[in-house]
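Chain lettering (A, B, C and D) follows the sequence in which the chains are written, and residue indices restart at 1 in each chain.
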């Protein structure tokens, strides 16, 4: 239903907007809602990890590193500053040990705080 | 576009060349041509078939030679494939027939060091004006990638 | 010899100039109107808008910022122009009654006000011309073209009430309306023309042509920063306040005669109404092009204003 | 009259991305313009050669910040053709659904950008507000607003439950009502027309000369659309109209895009209602059953993942698809390893950029933003 031209064409829409809910929020003071499947923080169930390195191989941003220390000991390190939150690691993991949860990773000026050892396995673990 | 008719016309125009078309997924026909036949071939395609849409020009350095692919489209894809030597690679420009080839030729030219003879506005497209290194998509000797 | 009466008189004049209805009051109004405008526009567009202290915060931030100009800009002129603009607007404010209060009024102050109100436009144009940037030069020439497009209808529209009431004093025009009827009822076309002219004068959307962001950056003010920019903004926002007060006085009957609480309240309500109309007008349209504006100005507004004047002279006779 | 050079870019309020136009003007008339791109050249074609096929899905997604899904679609299609994979119909439907949602979001974004460029802030705000509906649907389906990471080689990563289908359908109705507003404004609002009619005119002949694609070509009366002319994904199973206009100016482009948005909405409905059963991906994840519920991020039947062969047999593929801005083409050559030997991307913006010197000649400086908005530049796409 289109209306004919008028000098104040947008007026009805303005009134409708005024009566409707505001769409912006004052973000840092009010929380943002993330949907359930939002790809946020990367978490790992470390007991499932076998250190196969498939996630490291498929990570497009080189954000995962596997450090093998001999004797079955290894460390999986996540560099969140490089991470693109694409979820490929969760897809590539044959164990289903990795997931991205709907939790926003806040930015920080201190880059080193974003590096995180997500799996640490002693020998025979 | 009837690919058979197009091929027939090209065979007619270049009787000495062995045109061996190859079907490539998805719905594309590759026709190898000698470099100096590309320009006359495109002229024939435009005049006889109204095939004026050049999607892009792909250039690739395979290590031993430079391959140019002219991706045309007219309901179906038709790609003309020309092989140039790595040293002193040059080919006639298509800009007089298809002005829209200008950017693609400039890109191939800067990325692979191919000269397009008769290009009205050569020069870098994506690289900085003062770029003086190797063309970036050339394979370096020694396998540095 | 300074008598006690003289001191009292002096203090009351100083109070009128500096606090109310002078500079202090205007400063508060400028920030307040700016916030109301932004809040209204935001809500019309479905946003929550800025908090009430945002204009003040912006002003303080700009005052504290580094002040620099490009090489080639005329430094002294660039420092002087925002002050000239602000000074002109503040002088105007002395002659425009606010809720019945006025600092200085005399027969013919309407003409002085109209002349002084064009001074910021000239300063704005010069600022563009002298600040060594292509964007500001283009913006400056647009500001001048726009000036010619809106100024003639604006002047003619405002002289209508003066002719009808037989006085060129704003206070008198306002006072006369409380005895008869509001000028807007007699001259609705004149009021509309003055309103459109005011939008042009304030360079508000849809006539924000000289400072069209997507075309020429910030127009004449592109190269200004820090304190100079703060003064420019202050002068433009004060001009908004003064312009609205002027329209209320001339067309809407001012405060309705004597300075009472009720008069002040109605004056405030009328001013807010005009501000609201300005906000809505800014939200409704796309920005016009300068040639389209001059077309509207000379082909539509100016003839209308002329007819209006003839009409006023006819009913006045 | 004296001549002046106005630089538009590389940084300018009218530009969302770095590109440079040097305009030579006489008064307010433009006599000449010079275009320079390449400020955001990231060497993506080289990067693609240095990563494996799985990683490249995500690299291709980041060529563009708006039509990211179109890029992965073209890329995955090409690799699937090389591998000889058959993708399940459900996956194709979901892939197409995202394509169309992305088109809606891209076109609405464009309406907003155009409105902002001609100083129509309200329409800008409204367009971006309503675009959120499409973005929210995509975010809920995929977990990302713009980088959806939906396509994988051999299918898609997401699935839709029946409840979600109904929820999305309801929101599409809301979106359709809002798009009606924009259509009305484009058709009837006077100041909008004053700023867009007759601006940035391109004739059909110019469009053909510069091989322009997408909505810009269609607005000049060149009837070309890869979705109909070379159907991919599930487009051969949908009924839709290709919108064209004859005026060839910015107004016609606005009209074409707005009507295309409506058409895309209808396509989304068809896709959701006719969604075939089956697995959304060729390959199922092995160990999903043992994982706790959080890790089953998939939907009804556990997590989904692709296990396409890592090595791709030698060969070549040319994959075309219709991105929101027009024909997008990927050329992929494999040498038999797990990394492509060469990937060439041609994005639709590169074609429209070539027409800009023509469009910017002999116009008013105030029309420059409208012209630039009209062709819907995506510089990051063009520079790669």
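Assume contacts are C-beta pairs under 8 Å (C-beta built on N, C-alpha and C of every residue); 3 or more make two chains touch, one makes a residue touch a chain.
Computed from a prediction, not measured in an experiment: that's the story for all the values here.
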B-D or A-C - the one linked by more C-beta pairs in contact: B-D
Distance between chain centroids, defined by C-alpha means - chain A, chain C (Å): 50
Approximate Å spacing (C-alpha centroids) for the pair chain B, chain D: 26
Rounded Å distance between chain B and chain C, as computed from the means of their C-alpha atoms: 63
Euclidean distance of C-alpha centroids - chain C vs chain D, Å: 45
For chain D, residues contacting two or more additional chains: 122-123, 126, 129, 189
Residue list for chain C, restricted to those that touch at least two other chains: 44-47, 283-284
Interface hub residues of chain A, defined as touching at least two other chains: 9-10, 14, 17, 23
Every chain pair meeting the contact rule: A-C, A-D, B-D, C-D
Sites on chain B touched by chain D in the complex: 24-28, 30, 52-56, 58-60, 62, 69, 71, 73, 75-77, 79, 98-104, 124-128, 136-137, 145
Residues of chain A touching chain D in the complex: 1-7, 9-10, 13-14, 17, 23, 35-39, 45, 48, 57-61, 84-88, 90-92, 94-102
Residue numbers on chain A that touch chain C, as the complex places them: 8-11, 14, 17-18, 20, 22-26
Sites on chain D touched by chain B in the complex: 37-38, 41, 43, 45-46, 49-50, 77-78, 81-82, 208-212, 224, 229-230, 232, 315-320, 327, 329, 331, 333, 341-342, 344, 346, 350-351, 353-354, 383-384
Contact footprint of chain A on chain D as seen in their complex: 51-52, 54-59, 61-62, 122-123, 126, 129, 132, 136, 139-144, 147, 149, 152, 157, 180-181, 183-185, 187-190, 285-288, 290-292, 294-297, 303, 305-306
